[in-house]
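Before we start, here is the structure in question, set down as structure tokens.
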Amino acid sequence: MAHVLGQNQYGKAENRIVRVRRDSTRHEIKDLNVSVSLRGEFDDVHLTGSNANCLPTDSTKNTVYAFAKKYGIESAEGFALLLARHFVEHSERGVVRSARIRVEEYTWDRIRSGPTDTGHSFVRSGQEVRTTEAVYDGDRFRVISGLRDLVVMNTTDSEFWGYLKDRYTTLQEAYDRILATQVTARWAFDFHGNDGRRQPEWNQSYQEVRRHLLEAFADTYSYSLQQTLHAMGTRVLDHRPEVDEVRLELPNKHHFLVDLAPFGLKNENEVYFAADRMYGLIEGTVHREGTTPVIPVS
Amino acid sequence: MAHVLGQNQYGKAENRIVRVRRDSTRHEIKDLNVSVSLRGEFDDVHLTGSNANCLPTDSTKNTVYAFAKKYGIESAEGFALLLARHFVEHSERGVVRSARIRVEEYTWDRIRSGPTDTGHSFVRSGQEVRTTEAVYDGDRFRVISGLRDLVVMNTTDSEFWGYLKDRYTTLQEAYDRILATQVTARWAFDFHGNDGRRQPEWNQSYQEVRRHLLEAFADTYSYSLQQTLHAMGTRVLDHRPEVDEVRLELPNKHHFLVDLAPFGLKNENEVYFAADRMYGLIEGTVHREGTTPVIPVS
Amino acid sequence: MAHVLGQNQYGKAENRIVRVRRDSTRHEIKDLNVSVSLRGEFDDVHLTGSNANCLPTDSTKNTVYAFAKKYGIESAEGFALLLARHFVEHSERGVVRSARIRVEEYTWDRIRSGPTDTGHSFVRSGQEVRTTEAVYDGDRFRVISGLRDLVVMNTTDSEFWGYLKDRYTTLQEAYDRILATQVTARWAFDFHGNDGRRQPEWNQSYQEVRRHLLEAFADTYSYSLQQTLHAMGTRVLDHRPEVDEVRLELPNKHHFLVDLAPFGLKNENEVYFAADRMYGLIEGTVHREGTTPVIPVS
Amino acid sequence: MAHVLGQNQYGKAENRIVRVRRDSTRHEIKDLNVSVSLRGEFDDVHLTGSNANCLPTDSTKNTVYAFAKKYGIESAEGFALLLARHFVEHSERGVVRSARIRVEEYTWDRIRSGPTDTGHSFVRSGQEVRTTEAVYDGDRFRVISGLRDLVVMNTTDSEFWGYLKDRYTTLQEAYDRILATQVTARWAFDFHGNDGRRQPEWNQSYQEVRRHLLEAFADTYSYSLQQTLHAMGTRVLDHRPEVDEVRLELPNKHHFLVDLAPFGLKNENEVYFAADRMYGLIEGTVHREGTTPVIPVS
């Protein structure tokens, strides 16, 4: 029985790039990690040892850095779209049929020094990483943006009770618990580049989605992390028309109330042990009616 | 426009378990990291705050530990199948429609002490982690096993030249280079549990697939990492009839020849700088003709 | 020739604790990682198998959580001092002669929701970890505080030239480069607890030292990372009388200018490759005249 | 009050190097991570912005790679000694007074392919990293070798009872428990290079010290991890005359017996939860009578 070469892709991953805009003495920076992945006519590369169709991953890396100079980096999404389009439309001999660009972006604040700042001094800020992925197949774009490592906690307004019990259930019901999670979120855009619609304002969109995720987490009186997840996804769809779908992966970062009774102390929801593993893991998608979800389930 | 709750799943992730078999003074151990994920009738949990259909993740954790005692752990795959079947078939009120169990397994060797060993002393061995994932939907099982962090290197018998050149190509051709990669492999089995076929000998299967991956890497005179990838996947399919499909993710761990000419030295492929990032990333699937690939593309 | 048991110490490491102050609906949180290490009369524990002098590490853990309830956590330093004193002064049978408490503190911001906040909703902020270490030997305290993972960058005002050249020197001089580092800082206090002096305002002290480190990094026109290091340490000593000594470990996070000439582009200090390894590592101490440095060199 | 520049050092850290010996078709490889740190006349570099005394860290990196070619790498220790001596003895204008070279070494096995091997194919083996540090001050060498991440477990022959109890003690005594740890070991040699003594056989010494650590862990019936620590250090000193001192850092990787009684099951030391944090941390030195310990306490 013969064997078949199935889906395959390749490129240069994790190109770390810092782009400085020096138009004035007040510099602007973008700090990205860019990964390129190409799909196309690569059967011979795998089967015969001929590299005639194989653009070196090194060339894709060079392209990333050259584009950063030529076009600047206005947003992670805009930069990813430029690169994805390039690899398909300017593919030598048309071997590249589809390109996927993934970007991680790290955020920096300016260092204030007294009442002002130097204009060129920065400090890494926040825990979270902004992410995006753009795929172009010669016809349509698909853009999925997101974030990860956004760690949040509510110290009250969270309960968990009335759950299903089987013979392995020993958990005590909780009427006032800490709810903490490390948010991984991805959201898909209705922009596809082939219907005349303009690109969203990517940076503003990111800031607003992030804000709505945080606010929904804070404002939801929670009976389960699932309920909070749904509230977070829904809030984004309610406020951001450019977004069609939100997927959230929420590990339940358990905070266990420490039993202090042996020491004659009463722990009134004040002292917690923050556990590493195991952890509950809650994942789910919320999308607009009539759209087909595109964000992969992990 | 209304919003829809799409795919969702939950469970307890990363249950770390060590199971000791003490039938004799020569103990046996299994060291696993087990993650449970359940899909089913969970709309109300997300939408109404009612947990009536929500089996706590804590109960799924308890089940993992209880099953380790009741049934022992013969193999990662066998244990995952048992758990997946349980969560669906013994689901209270039938709310669980499908269960996915992921397992990582860590390997240990015995510590030899003089000519013998104590029977109860072990040392962690190898770099790689054995993985498996079993999904059960009430009818069929799907098993995907694998490994990750298997780091391999050939110090010769690797070339890369004759490749496609575009305007961003500056790479020099290489006629004798180091080829090194950190293998992530997954492979899918033809076992589905509903046609009377017996389960494969999981542990033997794992050892043999691993051996064929290593041997194919070593034996292939390589003109590209893609070609090596294809040889590795093909070798497994050639020798292991229980496997239908192999997917490999191979980062090209670049080893750059250091230019020693400024110091009056000639570097005859002897001194390399081992780089971290960026890296080429080569991914691909090889499967049997007539089968439909099931391993997700990442 | 006989063998001697030398320095030894033990305790429970990495007790993760979240302490919530719920005096009002506006909660306050402290998120710490506390490690206890005890030195004393433990020869028999090592030599004879007798544990008569061995307070279990589990008891030291219980003490950490109980103290968090009893005394609250006003600052990492204050909490460490309390614990260090306890383990020595309340040691059963006087077996503990000296105690060292290390603390890592993670910072959180409040989540704003609209014009206000919920009072109980938090998001992890910043990259850096606040650290402290308090040692008590029954007579004096020694407190060394610090931070790590504070990542900073200047996009100009950094040069490096006029350096020593040996036969292995190939580096090109730089007259305008990026200077970036990941600050690990430790500083020692003049507080020792045995001369009637009051404890410093630990939280304010930390905020001010951190601010001076950042400002000195930003304000220094740099001819070497060594020079910047010295400016940072000196600035702290100039402004914070409670600090006697500052030690800095500054990895030079190299940003290499990408050569874009092959693509007909001129890189005017705009596009950089951010490298992982290898990296320059610059370490140094600045202390007040007449004091003896106490911060260990790593 | 003036400020003083105290201890300072600098160099290039984490030079990743793979050295291939190709004398025959049966290649040999060394895979190292080399860090250079220089101490000397560097006050001006910090104070005045003059780099006249500053050998670039880049030059120290070049030296590492050039020496790998010129002298080969017989052992981590031998290579570190060569480099340390060079930086002091060939220092331009004598500015370097002392040099410290740290090396991590990663081990590889050959990939067997059928009855033989290719001679050039390797797979990373083991979990542990071999370490060494050589310091040269123009007169004497000090060599401290070691290993880290050697993970070991005994599934029986470990007890813990009869310990000191204070008011925070709740721990239950254990008469048969798992004892597991992740060994970090360092050991100091009596070789100093200035008394005509030859260098030890470094590679053989390492293999033998490692073997004795493992055997002592396996063979010791343990009443505490402290006791096991002492047995491990003593065993090395008993068998390896070239070693004067051993320091061990042993985190107690707790394995908690899972309570299965709620499920009608009896857990006869068979099913354990392997915890991440918190953990006991046991540290200690054993040295020969009459020698002064030199390994720093962390």
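Just so it is clear, A, B, C and D label the chains in written order, and each chain counts residues from 1 on its own.
One rule holds in what follows: a residue touches a chain if its C-beta (ideal position, glycine included) is under 8 Å from a C-beta of that chain, and two chains touch if they have at least 3 such contacts.
Please read all numbers here as calculations on a predicted model, not as lab measurements.
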{"item": "Identity of the chain that, by mean CA position, is farthest from chain A", "value": "D"}
{"item": "Chain pair with more C-beta contacts, A-D versus A-C", "value": "A-C"}
{"item": "Averaged-CA centre spacing for the pair chain B and chain A, given as whole angstrom", "value": "24"}
{"item": "Length of the line joining the C-alpha centres of chain A and chain C, rounded to whole Å", "value": "30"}
{"item": "Length of the line joining the C-alpha centres of chain A and chain D, rounded to whole Å", "value": "38"}
{"item": "Multi-partner residues of chain D (each touching 2 or more other chains)", "value": "15-16, 62, 66, 168, 170, 262-263, 276-277"}
{"item": "Touching residues on chain B, where the partner in the complex is chain A", "value": "1-16, 35, 37, 42, 45-47, 49-63, 66, 90, 92-93, 95, 160-166, 168-171, 223-224, 226-227, 229-230, 233-234, 237-238, 245, 247, 251-252, 277-290, 293, 296-297"}
{"item": "Of all residues in chain A, those that touch chain C in their complex", "value": "15-22, 27, 29, 31, 62, 65-66, 68-70, 108, 111-114, 117-118, 120-127, 150-157, 178, 214-215, 217-219, 255, 258, 260, 262-263, 265, 267-276"}
{"item": "Contact footprint of chain D on chain A as seen in their complex", "value": "167-168, 170, 262-263, 276-277"}
